[in-house]
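In what follows, subunit A forms one complex with subunit B and a second complex with subunit C.
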Partner chain A sequence: MKYVDEFRDREHARVLARQIAAEADSGREYRLMEFCGGHTHAIFRYGIPDLLPAQVRLVHGPGCPVCVLPVGRLDMALALARRPEVILCTYGDLLRVPGSDRRSLLQAKAEGADVRMLYSPAEALALARQYPQRQIVFFAIGFETTTPPTALVVEQAQREGLANFSVFCNHVLTPAAMHAILQSPLDAGVPLRLDGFIGPAHVSTVIGAAPYAIFPERYAKPVVIAGFEPLDLLQAILMLIRQLNDARCQVENQFSRAVTHSGNLKAQALMARVFERRDSFEWRGLGAIPHSALRLRDAYAEFDAEQRFELPLLVGRENRACECPAVLRGAKRPDQCALFGAPCTPDNPLGACMVSSEGACAAYYRYRPRQRVEVAT
Partner chain B sequence: MCLAIPVRIERLIDAQHAIADIGGVRKQINIALVDDLQVGDYVILHVGYALNKLDPEEAARTLALFEQLGRLQAAQDAARAAEDPA
Partner chain C sequence: MSRPDLLQGRVELVHGGGGRAMKRLIDELFAAAFDNPWLAQGNDQAQFTLPPGRVVMATDSHVVTPLFFPGGDIGALAVHGTINDIAMAGARPCYLSAGFILEEGFALAQLKRIVDSMAAAAREAEVAIVTGDTKVVERGKGDGVFINTSGIGVVPDGVALSGDRARPGDRILLSGPIGEHGVAILSQREGLGFETQIQSDSQSLHRLVAEMIAERPDIRCMRDPTRGGLGNTLNELAQQSRVGMQLYEQRIPVREPVRAACELLGLDPLYVANEGRLIAICPPEGAERLLQRMRAHPQGRQAAIIGTVTDDPRHFVQMQTAFGGNRLVDWLNGEQLPRIC
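Let's look at the complex of A and B:
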């Protein structure tokens, strides 16, 4: 595939890895957080850690929307799905996340709830047209990448007067979560040391490079926005190492073929029209973060499932032994969770990080050879 | 879930829709978020929606950097080999 294969070239990967090894100072450590779950997945899929010298450490961040959704929000979706008039539709990953009673949407479906898997939010509108006598609720989730398509279907529903369509909105914002990580550097007394960020790829196609300027300015952390292919990641890591070696601290854009300074202005205007920031939103692992999530504006209130069904806010119960909260902050590696691998596996996920292919636990489980999991540092 | 891939625009249907080549399969996609698309452009596709146009010149520039780095390393190796024939 064009714009994919060229960025997976083995020879160039070798060249970049060699350059990283040559430039990374063996007298220091470089702790780089890839915020985005898509990056976490790619890092394991392509064995990037094995190409890096020991002093370059990748810390996995919370950028997987399924993983950071608190159990309470999932319980709310389960309550919606169990209403007889409702058809609840959402992306596949969400169907397998266990709720407070350890049941997932998939299990609710097996027990008779009408739950459907979507590839695209446009399919939710098609369902609303097809079943005018039912209530179609789109369980919307995602960072800034997935938000503009949701905004488009809300506008479309309003244009068509689809009175039986609503959105249970769980869209969250990347920069707000990065602030939260940097403002809570202590985890159980252990400082979370980060030297820089590998910035998200597709989120940045929408929001642009500009919103990251605050991280070098306020927190003295460099950011390099990177594409999703292995060469993109390696080059971004090299760019971060060079910034740190030169004591530079700025936002750089490795993914310049798709990300501009100001991003997709049309998509941003659309999001601003349809959504507004919530005062606060609970993130799994990070706690309540101010202004970190979106809800529908009053002009679209009739399409807001929380208002239409007068949904009470639920506070969920986490599986106590699940280390997702620490994994999501980059404070623990997945294999440091006692449940990792047995009994928690992608087929039997006990926490959200094992459900989504972008979750750190799932990526670790799928791509790390067993023996290496044990000796990994 | 956040997966998005580069696809080529094959045919424009209207201001909102186009046919794209997705790894050899032709499918209708929504292009309402991206202005001024032409046949042959590449876009990043996510959950059925084009998010942004790909810039072929920037892509070529990035690839050229990799080439350059490879040549630089080869030249350094050659220089080192010349200095130390053992």
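Let's look at the complex of A and C:
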């Protein structure tokens, strides 16, 4: 496939893997966090850990929007879905996530709720036009990548005067979560050592490289923004190792074919028109993080489902044995959790990280080779 | 009672009521299309004698949406699906039955298109649809049309295919590129419409199977990787035979437009449905000759040996990725796809 296969080439991978092995100092450890769930998924799908020397450790971050959505917010969505006038629309990933009573939106649908899966928020607008007697609620979720499309449909709904359309907004912000990870060990006393970040790909196309400058400055952690292809990841890992070896600490952009310093200014302006920061937002696994999520501005209050339906804030119940908080901060590996594999599996997710295929536990469960095999020629 | 209007008419409750309207619909639509001596007898059952050998029976219900898709429709699919289930036992399919559940209001012109397509698929396969049934449900209680087909076939002596017979060292063969049916269906999905030249691979495989059995009567098992795709089917076989499997991604044929569509939609072709492909597991000696025989058949031109059965008490299916790493090919869990078969 043109423009994709070039980034999955086995020979280039071997060359990069050899360079990493040659340059990574065997006398130290390199703990690198890939923030984004898309990277976590790619790392396992392509078997990248197999290609790295033992001293290079990838730590899986919380950049999976479905994973970090607190159970209480899902309970709120379930409550919305059960209202007879509501058609609740959302992305497929969210439908299987269990709420506090272990029931998911898919089960609510089987029990009679009108829940629709969509690929684009524009489909929700189309439903609003098609069913003027029903209330169409878009259950919006995601980092800065999925936020501009939500902003776009809110503006469109206002222009069209679609009074039966609203958004249950759960958009969250990447840099705020990175701050929280770097500050959390100080609060929680959990031993956490991170040497650097692999910065997200698509998020960075929107926000640009500039917002990461604070991590080298304030926390002395280098950041290399990387694309989603396996060669992108290997190259970013090599760039981080070189920064650490040279005692450099800066933001570098491996994904320069798509990410600029300032990002997509048009998308940023659109988000700024429609959304403002919440004072605080609860993240599953990470707790309340100040200024880490978005809500609709007052000018668009009529499209805010939380206001329209006067939704009470719900606090969900989590399984106490679940180690997701430690996994999401990179303090533990998924298989170090007592629930991993049994009873917690992708078919029966008990914790956040097992829910989405981008979650660290699910990727670990699904793709990790559990036995080295001889490679036939 | 007038003749059913096959151009403008719609399915009515009376068409399932057992009266004259139903009789006319059956005569003018179903019997006319399927046209064979068993139906012409007008009995509630078909009577026939089977050739010698073990008898195989299979059934399959079809609820695909949309009803018409690039490369096929629910009618042809219903014929191919059951024929393939029979063929995977190494059997020659002989006779089919067809049961229709129609929704009130469904256009008779569309029903005719579906029935004609079924008839054509059955004729092409040389398998007669010898008995059938029609029911009508009220509007809103169905989705246009659901079709169940059942079939009977006969296995030649000396052939014993079963999913529990794979042994370590056996080779895993695949008859052609994967993912085409699933992608063809997805391309038609409401809200997802994208343009693709990909057609469903829906087809009857019994002739290819006959060639393969003739070459190697000791093939351990065959299965068609339909719902859940290659990944799930291989996991089923690994569990059933209590073995592991090692696959090589580079050897698994996937056509370019399917790869592109999967890339775009975030799907893994390993888990996308097929309706005209088969997996065969056979002892290592002779696997290469079997492959050549498959490639000589039009339905197996792109056949490949994609992996080896391993000794693994955990029954894992693993795959060496094209990139050089190794990964587990686990069971698929709950992918959100429209009804595909």
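Please note the rule applied: the second predicted complex is superposed on the first by the 365 of 377 C-alpha atoms of A that agree within 3 Å, B and C clash if a C-alpha of one lies under 4 Å from a C-alpha of the other, contacts with A are read in each partner's own complex, and residues count from 1 in each chain.
The definition used in the following text is that a contact is a pair of C-beta atoms (placed from the backbone, for glycine too) under 8 Å apart; a residue touches a chain by one contact, two chains touch by 3 or more.
Predicted model, so just to flag it, every value in this text is computed and none were measured.
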item: First (subunit B), second (subunit C), both or neither touched by A:T205; value: first
item: Partner chain in contact with A:G341 - subunit B first, subunit C second, else both or neither; value: neither
item: Which superposed partner A:Y119 touches (first subunit B, second subunit C, both, neither); value: both
item: A:V15 touches, of subunit B and subunit C: first, second, both or neither?; value: first
item: Superposition-derived comparison: subunit B or subunit C, residues of subunit A touched; value: B
item: Subunit B versus subunit C as contact partner of A:I48, first or second or both or neither; value: second
item: First (subunit B), second (subunit C), both or neither touched by A:V4; value: both
item: Touching both subunit C and subunit B, counted on subunit A across the two superposed complexes; value: 1, 4, 92, 119-120
item: In the complex, subunit A residues that touch subunit B; value: 1-4, 6-7, 9, 11-12, 15-16, 18-19, 36-38, 63-66, 91-93, 119-122, 141-143, 145-146, 148-149, 152, 201-203, 205-206, 231, 235, 254, 256-259, 264, 266-267, 270, 356-358
item: Contact footprint of subunit A on subunit C as seen in their complex; value: 191-192, 244, 246, 248, 256, 259-260, 263, 308, 310, 312, 314, 316, 318, 320-328, 330, 333-334, 336
item: Subunit A residues touching subunit C - in the complex, by the definition given at the top; value: 1, 4, 8, 10, 13-14, 44-51, 92, 95-96, 106, 117-120, 123, 126, 230, 346-347, 365-373, 375-376
item: Subunit A-touching residues of subunit B, taken from the complex the two chains share; value: 1-6, 8, 23, 30, 32-35, 42, 44, 46-49, 51-52, 54-56, 58-59, 61-63, 65-67, 69-70, 73
